[in-house]
Structures are given as C-alpha cells and as structure tokens.
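Across the two complexes that follow, chain A remains constant while its partner is chain B and subsequently chain C.
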Partner chain A sequence: MLFNSYAFIFGFLPLTLAGFWVLGHRRRDWALLWLTAASLVFYAWWRPINVLLIAPSILINYALSLALRRTGEDSPALARALLIGGIVFNLCFLGYFKYLTFLQGTANDLFDAGFTLTHLILPLGISFITFQKIAFLVDVHAGRVKEFTFRNYALFVLFFPQLVAGPIVHYREMMPQFAVAPCRFSAENAAIGVSLFFMGLFKKLVLADPLSRLVAPLYAQAAAGTPLTLTDAWIAALGFTLQIYFDFSGYSDMALGLARFFGIKLPVNFNSPLKSSSIIDFWLRWHVSLTRFLTAYLYNPLTLNLTRRRVAQGKPLFGGRNTTLSAFVWLLAMPTLLTMLISGIWHGAGYAYILWGLLHGLLLVVNHGWRVLRPRIFLDAKSYNRAMKPVGFVLTFLSVVFAMAMFRAPTAGSAVTIWQGMIGMFGATLPEAILNRIGPAGPWLTALGFTPAWTSGSFLMEATLRIAALLAIALCLPNTLEMLARFEPAIGVKPAKQPERLVRLLTWEPTSAWALTLAVVTLAGVLSLGELSEFLYWQF
Partner chain B sequence: MQPYARFLCVWFAALLVLAFCVAALNFAIDPYDVFGSPRVAGINAQKPRARDHSMLTKAYQIERFRPATVLLGSSRVHIGVDASGPEWPAAMQPVYNYAIPGSYNTTLMLATLQQAAATGRLAHAVIFLDFQNFFVPEAPPGPPNEDDRRLLLDPSGNANALRGYQRLDDGFLALMTMGALSDSVATILSQHAALTLDIQPDGASTDADFVNIARGDGTSSLFAQKRVFEANRTPVLARGLAAWTGPLPNLGRVADVIAFCRRRGIALTLAIAPTHAEALEFYWRAGLWPRIEQFKTELAELVARDGAEGVKLWDFSDYSSFTTEPVPPVSDRKTQTTWFWEPSHFKKPLGHIMIRRMTGQAAPEFGALLTPETVAERNRQIRAQRQAYICLDTANPCKS
Partner chain C sequence: MTQDDILATLTQTLRDLLGDDEIVLAMDTLREDVPNWDSFNYINFIVATEAEFGIKFRIADVESFPDVGAVVRAIERLRAR
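Here is the complex of A and B:
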C-alpha cells in the first residue's frame, strides 16, 4: 500500500489508529498486537504473496537470534558461526530476489553463459528489511540487544511506517519506545504526526512528482542513444536530483509523522543535503539512516580490523599531520570505496548503481585526502573555511548532480551520454521562440554558441521555472525537521541554539495560523492524490 | 481546550471548508466541460484547459449535444473544420466536431463513432483519414482504459457496464484534484486574453495556439518545426513499411466503420485529409509515395466493396493550389498563409471549402471523389501536379 493513496489515507490509517487507541485503553499489548497485524495487512496489500516470502525469513532470523543469545557467552566460536550463517542467509535471500537476473545477465555478457534470465518480482522493501535483520543479529551477537520476544521482534521488523523504505532503524532505539508508548490518543503526537505526514505528502506529490514527467522522457531519449543538448542534459540531471530529494525526504517525513501517531520517534533520514559544503557533509545529511548502518556495520568493523593488522605489523596508522600515504590508502580509501561500492550494489542491480557508488566513494576519498592535506597548505583554518565554504558548496552540488545522472540513467552508457550533453559535447540549442523573446540576451547567447531549435519553448520554460523554484526551497528554506525541532520530530533532533532568522520565522507551533497553513498544504497534497505515483525508493 | 487539540480542530475544520470551496469552484468553472455548467462571459465562457482532456470533454459534450452529423479525425480536423459553419446543409445540422487531438488512431475512430451514434439521432458521419495512420500497425485493443469505460457503448457495441463507475471517477477528477483546481484558475485568468484556446460546446476549437505563435514568431516558425518533425518521422515510417507486403495496416478498422454505419443507417463520408506539399515532399523523398498511392487504391476498393452507395470517399491529399501555397522564408515573421498553419494543420477556410465540396455545394475545385475506376487516374494527376510543383523551385528547377 502506498502512503500517497486514497486507500491508505482515508481507509487504512484511520482504521489502524482507531483500533490502536481503542485497544490501548484496555491493554497495551493488544494495541501493539493490532499494530503488528495492521502492518502485515499493509505489507500484503500490494501482493499478498509478499507475506509468504517474508514470514519464513522473519522466523529463521528470530530462531537464529535466540540461538545467538543462548550460545553467545558459552561458545563464542559457535556464536560467530551462527552470526556468519545468519548474515549469509539474509544476503542470499536478498541476492536471490534482487541480483539473480543481474548476475545471469552479467554471466551471459562476459562468458556467453546462455542463462535464461529469471525475472523475479522483488518483495517490497526487501533491501531495507534485510539490513535491519542483519543489524539485529549483529547487535544480539555483540550483546547490545539482550531482551527480546517474538512479538517485539515481529513489531520491530514489520512496523509499517518504516517497513518498505526506511528509515533503517535499530532494535535498541525502537523497542524501548514501544515499551513506554502510551498507546492512547495524544493530541500532541497527533498534531505533530499530521503536520509531518502532510508536509511530506506535499513534498512528494506537489513538488517532486511534476518533475518526473519532465525528466523521464530525457532519460528515455539518452537510453535510446539520442544525444542530449546542453539544456536538456542539465534539466535531466538537476531535475532528477531535486525529484529524488523531495520524493525521498518527503517519504521520510511521512514515515516520521506516521510513527509519531503511535508515539514513536524514528531516526533522521534527511537534513537538507543539498546545502552541504562537502561530500562528507552530504553523506551526513542524505539518507542518514543508511550511512549510519553502513558506517556501523561495515566501514567501522573493516577499518578496525585493518587498523589492528597494521598495529600488529608495526605500520603507521591514519590520523594527524603525520599520516602516510599507505595508511591513508589502506585505512581510509579502501574501506570507503568498498563501503560505497556496497551502497551502490544495495541500491540496485545494475552497472550504473555500482558506478554511482564507486563515484561517490572516490569523491569521499578525495574529500578526506584534502582534509589531510589542507592544514599543511592553508594554515589559517578560520579564514580558509570562510573563503572556501561557498566553493565547497558549489563543488559538492555539482558532484552530486553529475552522480545523480548515473543513478537515474537506465544504463551506464546513457549516463555518459547525459554527462557529455552537460559539458556541451552535443551542442547547445534554445527554442527559437525563446531566443526571439529574451531581448539582448538572444544575440549574446547566439554568440556564445547557442543555436535556434525549432521546438516548442514551453518545455524549457516549465522545466526552468520548476527547477528554479525547487532549488530555492531546497537551498534557502529550513527543512521539516528544523521547523519542528522544538518537538523532537526525529530521534535526537533538537532546536539550534541560535537558529537563523528564517528558521525562527517558520518554526512550527500548535497555533491557528499554522493549522490553517497546514490545511492548505494538506488539501494540496490530497488533491494531488489522483495522479498516483510510486516512491522512487520503493524499488530498492 | 489544549493548544494541540485546538490545532487539530482548526486544521480539520479548515480542511473541510477548503475542500468544499474547491469542489464548488471546480463545478462552477467546469474547466473540462464535464458537468455542462453554464458558460458565463468573462468567467468560464472559454475552456482553454479542455484541450488536454479532449477525450473526457468530448465524451460528455456529445451526450448533451446529440448531433445529427459527427466529424471525426485528428487534431487537423479538431482545429481546421468548423462544426457551426454556414456551409453545413440544414439536414445535416446540428454538427459535432468529435475529432481528437493528440494520439489519434483508427481504434479511436470506431470508438468515437459508436459514442456519437449512441447519443440517439446521428444520421451522418464525416471522417477525415490521415494516411500516416495506415503506415504503422496498431496494437490490438487492450483492456478498456478510462477513455473506453466512460463511453456509452463498449467496443462490441453493447451498453457499457463500466460506465457508471467511470462517471463517478470523472466527476471526482473534475472536482477534487489539483489539476482541476489549477485548470479552473487558469480558465478564469485566460478569459480576458485577446484570443483563448477553447473547446466549444459543439466540439470545435479556436485557433488560439496557432494564431499566437504565428503572430509572435511567424508562420515560418511553425513550418520549420514541422519540417524537423517530418524529417525524423518519415524515415522511421519507411523503415517500418520496408518489408510490409499485402494490404496496408489498419484498413480493417475502416471496414469496421463502414459496417457499423451500414447497420445503423448512417450516411458516411470518408475524406483523406489535405497535407501541405512541403510535408508531402518528405514522404516522396523517403520513398513512401507508392505507399500513399497504395493506400488510396486499397481504400477506394474497400469502400466500393463494403460501402455500396451509402459511402463516399474524397481525396484532398494532392499538390493543388491550396496545398502548394508558398511558405514565407524563416526571416519573414509577418507574412501569413491563407490555407495552412503548418504542413499538417489546415485552416478553417480550407475546411469550409472541403465541406462545401463534399456536400455538393458550389466551391473552388479542390480534391476529388475516389472510386476504383478513378483512383489510378487521380494518382497519375497528382504525380503530374507534383512535377509542376517542384519545377517552381527556382533554386533547383525540375529536380526529380
């Protein structure tokens, strides 16, 4: 079931909330059972067979967790074997559904293997659910999670606000909240939940979706091998960057709002990533729960392991002014590239995703390398930061936009076509109707190399206006979390000590003015439900 | 009351009031002419946004209009043929223009004809055919989509059981969507423009789009855009037909249309729509001219075989003085053409002439009736016309 559907907003959600609050008045565990059952219905809605696929996986993971808890202290070797077995099982489960066709195709391409491609229907949210199950096993193995029951485990995995596209949550941050959640109607939680949910719906349907209509034909054109002119290529790359940001951050806001109805706070997923002044900063603001997972369960263990090895070998370590090149390569560059490669593979089965991951890995390595070198070149950090922050912003923004073309393009080749278009390799054109109407700028642009095209100017006009408006919103306005920071909309979000003027101006309060504003935002979102569309991250 | 509870109450009440206001506004403005709300000058008399929803708009309009004659075709007919012109004989009035701009095809031709017939008093159908629609095989009709579901009859000609639900859905779409709201606002704002796009109650369209571009950028700009379009389209069509043997695709749909009209006692006039010689030259250069002649020959034979006396076939696709009118050069943004907006879309005066020709009234010589006996001679004449046309090209006289 989609969050942005009539069935969800006018059927499932009110029924689930009513049942939860009514049962919560009698017994809390009934309310939580109701929530688990409702989550199953939510998951089964699109394709009931999904439940049959995911249920055995949940049971097996739970059994493994019990076994891990029991053997953990008595037999570390067995516990380690159980953990590795559990991780392999989950990765195979994910791999079978998500990567089998890709692997068969790759084998056919490379070795002419002659596999008949198996087209499997991906169980909804399998990538997110798999990561959460792996995280749970690791936490049980490490002793970070000790107390759990099947009911709690099922609720943790199935809790519908975060079930299919995150944020990726940890058991230890969720279950303590469920343990104390009132399970009764709370006007405060409902007011914050309604605000977050409908602001997210607005971002998704009113801001993101119209861009999809504009950029999709351009990517199809590139996939068909037709070159894109300068303006079209930039519309494709910028348009998709803004589309996916408002789509996924909108979804995350909706998830935060839905969880809040039940008295639960989810972790942060987006924090104005397009305002980042470095690529490291970007990954601390974009899909934060994924970055957190990959850092905690892949990057950190890998770096720790490599560090121990280098210590054992007596080799220098990474950090400080005396960092050596080999320490940088082995303790930072390699783990970063590997982590981002896994991130790319996690996002989708295709060369373009792999290249996107590696590209971001490379950007992160360059960024880290510069952080090592910078103090040796620029001694005054303060003046450097003041001068270079805008440069960092521009470089980061351009890097993200270029990389997004690879993320969206159906093939790596078509992404390269878009890149070539972006640097003007296929020429620059403007509709003749526009060149005629922009006064002295027309001849100036013609002198710069823009040639007239006999196409309608309405596409370029609409795309330019939409992109400009969304850029202004993404770069100048506070995000939803900043607006609601006083009410901790996500785990750990607190108001800034000295908020900017615009943030102060747009801070959410339970006032009539905000209620009226939200009614307009809600109505705009609800009126846009007719043009049903899926969230981009549901395919991952 | 606690601030959070008050917040929720104000939000919910405001939401209900706003939703009611939006529905009322959309009903009154009726941007797609679904409800038949009164057209009030200065407020909603013109419906500029109906053009993008023509299948929706026209399905409802024609039920209210109940025409004696229906005009069918693509955007060329939608823009170029006036349903309310004085040239229509009294016996054929009222006339409804049920041409569909956009992705018109032969499946749609039969569906719109059935819809027109189901309104009750249809006696005449005038259908303009584009030869391009017979160069690419159309996919067999799939499961009914929303455009099929709202029609009075299903594809087999029986009462449409899905229509009730679709009407509810259409009503909701026209009342409670962001698209309808923004289109209502755009409708109000556009009323005072000098020239506004509109689908009138008889289905005909104003020329606003073309007039505005022709005034701003010149007719030459419109022709130039279409040149690019045809330069891309014709090689694709030629490649698709290269290995095609036997009768051209989709002619069976014309046979279905003829059979339907015979069953219903509807007098049918088929017309091959005119195209400016500039565009015809692209078909010539792509090697498609024999296919155009094949289309006319097979169509004439089909009409003679299935249609008997009740069906007439006219051919306006030639190199006459109308279709070869000079096109202003790119540098000339002032000179306007008389008969064509651009190579595909003819102007209403040419539509008037064609209606007069087809209804037996006095009119300049244009087009010809096609029968199996005359089609070969007609094809030969058009080749001769073309030879004369290319000889006018002073830069490259009488190139072949």
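Here is the complex of A and C:
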C-alpha cells in the first residue's frame, strides 16, 4: 500500500490508529499486537503472496537469534557459525529475488550460457528488511541485544512506517521506545505526526512528481541513442537530482510522521544533503541510516582487520601527516571502494548502479586523500576552511548531479550520453523564441556557441523555473528536522544553540498561521493524489 | 596493573599516534574531547592498544566503547582471562 494513496490515508491509517488507541486504553500489549497485524496487512496489500515469503524468513531469523543467544559466550565457534549461516541465508534470500535475473543475463552476455531469464517480482522492501535482519543477528551475537520476544521481533521487522524503504533501524533504539509507549492518543504526537506526514506528501506529490514527467522523456531519448543538447542534458541531470531529493526527503518525513502517531521516533535519514560542502559530508546527510549500517557492519570491521594485519607485518598505518601511499591504498581506498561498490549493488541489479557506487567510492577516496594532503600544502586550517568552503560546495554539488545521471539512466551507456551532452559535446541550442527575447544576452549566447532551435520554448521555461524554485528550497530553507527541532522529530534531534534567523522564523509552532499553512500544504498534497506514483526508494 | 596504569599506557599510545604530548586521558574522556582523534586514528589506537597489551577486542565492542573508561575496563576483563 502506498503512503500516497486514498486507501492508505483515508482507510488504513485512520482505522489502524483508532484501533491502536482504543485497545491501548485497555491493554498496551493488545495495541502493539494490533499494530503488528495491521503492518502485515499493509505489507500484504499489494501482493498477498508476499506474506508467504516474509513470514518464513522472520521465523527462521527468530529461531537463529534464539540459538545465538543460547550459545552466547559458551561456544564462540558455534555462535560464529550460526551468525555466518544467518547472514548467508539472508543474503541468499535477497540475492535470489534481486540478482538472479541479472546474473543469468550477465552469464549469457559473457559466456553465451543460454539461460532462460527468470523474471521474479521483487518482494516489497526486501533490501531494507534484509539489512535490518542482518543487523539484528550481529547485535545478538555481539551481546548488544539480550532480551527479545517473538512479538517484539515481529513488530521490529514489520512496523509499517519504516517497513518498505527505511530508515534502517536498530532493535536497541526501537524496542525501548515500544516498551514505554503509552499507546494512547496524544495531541502533541498527533500534531507533529500530521505536520511531518503532510509536508512529506507535499514534497512527494507537488514538488518531486512533476519533475518525473519532465525528465523521463530525456532519459528515454538518451537510451534510444539520440544525443542530448547542453540544456536538455543539464535538465535531465539536475531535474532527476531534485526529483529523487524531494521524493526521498518526502518519504523520510512521512515515515517520521507516521511513526510519531504511535509515539515512536525514528532515526534521522535525510538532512539537507545538497547543502554539503564535501562528499564525506554528503553521505552523512543522504540516506543516513544506510551510511550508518554500512559503516558499522561492513567498513569498520574491514578496516579493523586490515589494520591488525598491517600492524602484525610492521607496516605503517593510516592517519595524520605520516600516512604513506600504501597505507592510504590498503587501509582507506580499498575498504571505501568496496563498501560503496556493495552500496551500489544493494541499490539494484545493473551495471549503472555498480558504476554509480564505484563513482561515489572514488569521490570519497579523493576527498579523504585531500584531507591527508591538504595540511601539507595549506598550513593555516582556519583560513583554508573559510576560503574553500564555497569551492567544496560547488564541487560536491556537481559531483552529486553527474553521478545521479548514472543512477537514473536505464543503461550505463545512456548515462555517458547525458554526460557528453552536459559538457557540450552535442552542441547547445536555445529555442529561437527565447534567444530573440532576452535582449543583449541573446547575441552574447550566440557568440558562445548557442544556436537557435525551431522548437517551443515552454518546455525549457517550465524546466528552468521548476529547477530554480526547488534548488532554492533545497539550498536556502531550513529542513523539517530544523523546523520541528523543539519536539525531537527524529531520534537525537535537538534545537541549535544559536539558530539562524530563517530557522527561527520558520520554527513550527501551534499557531493559527502554521495551521493555515499546513492546511494549504495538506490540501495541495491531497488534491494531487490519484495518479499512481511509487516512491523511488520503494524499488530497492 | 591498576586502572591508572592502563590509563597511563593508553595516554602514551595516543600521544605517540597523534604526535601531541598535551593529551591526558581520563576514564570519562570522549573521542570528541581529543583534537584530531578521528575515526581512522581511533581504529589505529585500538590496534596499537591490542599490540601493547597482547589482547584482541571483539569487533562489536570496538564499535560501542562509549568512553575511554570502557576501553580500560575491556582491557582489564581481557587480561583477567
């Protein structure tokens, strides 16, 4: 069931909440059972058969966790075997549905293997659920999670606000909240929930979706092998960057808001990533819960092992001024590239996702390399940071936009076509009607190499206006976490000690002005309902 | 070896690693409290400490040491085995 559907907003959500609150007045555990059952209905709505896939996987994972807890410290070898078995089981489960067709296709391409492609329908949210289950097994093995029951485990896995596309949560940050949640109506939680949910709906339907209509034909054109002119290529790349930005930002807000209705706070997942001044910073703001997962469960164990190995061999380590090239390559570049490659593969089966992951890995390596080199070249860190922050912002922004074309393009080749267009290899045109109406800028642009095209100017006008408006929102306005900071909209969010003027001005308050604004936002969102438009992150 | 002895050894390890003789670690020191003690130097510090005491931390513990005191207690526990 989509968050942005009539059935969800006017049927499922009110019913689930009413049941939860009514039962919560009697017994809390009934309310939580109701919530688990409702989440299962939510999951089954699209294809009921999905339940037959997720249920056995939950049961097997739960059994493994019980076995892990029992073995515990008595028999480390057995515990390790159980953990590895569990991880392999979950990865195979994911791999079968997500990558089988891709692997068959690749084998056919490379070796003429002649496999008939099996077309499987991906169970909803399987990538997110798989990571969450793996994290749980690791936590039980590490002794970070000791107490758990089947009811709690099922609620943890199925809790519908974060079931399909995250945030990827930890058991130890969710269950203590459920353990003390009053399960009753609270005006504050309802107000925050409604605000976050409908601001999210607005971002998704009013801001993100219209861009999809603008850029889809451009990517189709690139896939068909037709070159894109300068402006079209930039509209494709910028337009998609902003589309996925507001799509995912909207989804994340809606997830936070939905959880809040039940008195639950989710972790931060999206924090104005386009304001980043470095790629490292970008990944601490975009899909935060994924970065957190990959860092804790993949990158850190990997570097720890590699560092131990180098110490045993007596080789120099990574860090500070004395970093050697080999330490940089083995202790930073390798693990970073591998982690981002896996991130790329996780997003989808296809060469474009793999290349996108590697590209971001490479950007991170360059960023870290510069952090090592910079102090040797620029001695005064303070003045360097002041002067270079804007440069860092521009470089980060351009890198993200270029990489997004790879993320969206149906094939890696068509992404390259778009990149070629973006650097002007296929020429630059402007509709003649526009070129003639922009005064002295017209001849100036002609001198730069723009040629008139006999097409309508309305597409270019609409695209430019939309992109400019959305960029202004993404770069200048405070985000929902800042607006609602006083009420801790996500785990650990606190108001800034000295908030900027705009943040103070746009701080959420229970006033009639805010009520009116939110009513308009809600109305605009609800009136745009209807067309079936999935969240981009639901396909992963 | 007392907790103070362990703390003194850890302080020396981190001073050598970061080239900063002003560092003094206490039980409640956080990573943020020490300048330049980033995530990379944290891993290096952990591995150097393992070599110093001839122990091996569990990866999960390394992830979740809240402060220096937790490292000291983990070293005590591992040495007692």
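To be clear about the criterion, the second predicted complex is superposed on the first by the 540 of 540 C-alpha atoms of A that agree within 3 Å, B and C clash if a C-alpha of one lies under 4 Å from a C-alpha of the other, contacts with A are read in each partner's own complex, and residues count from 1 in each chain.
We adopt the following convention: a residue touches a chain if its C-beta (ideal position, glycine included) is under 8 Å from a C-beta of that chain, and two chains touch if they have at least 3 such contacts.
The structure presented is a predicted model; accordingly, all values stated were derived computationally and were not measured.
By the touch criterion stated above, A:84 is placed in contact with neither chain B nor chain C.
Between chain B and chain C, the partner in contact with more residues of chain A is B.
Judged by the touch definition given at the top, the superposed model places A:117 against neither chain B nor chain C.
When the shared chain is aligned, chain C comes close enough to touch A:318, but chain B does not.
Legend: residue contacts after superposition of the two complexes on their common chain; A:468 is shown touching neither chain B nor chain C. In the superposition on chain A, contact is made by A:142 with chain C only, not with chain B.
On chain A, the patch touched by chain B and the patch touched by chain C do not overlap at any residue.
Listed in rising order, the residues of chain C touching chain A in the complex are 17-19, 36, 38, 40-41, 43-44, 46-48, 50-51, 58-64.
Interface residues of chain A facing chain B in the complex, by the touch rule stated above, are 187-188, 190-191, 194, 205-206, 432-433, 436-437, 454-456, 510-512, 514-516, 518-520, 522-524, 526-531.
If you check the complex, the residues on chain A that touch chain C are 138-139, 141-144, 296, 300-301, 303-304, 307-308, 311, 317-321, 331-332. Those residues of chain B whose C-beta lies close enough to touch chain A in the complex are 2-8, 10-12, 14-15, 18-19, 22, 172-173, 176-181, 213, 216-217, 221, 224-225, 227-228.
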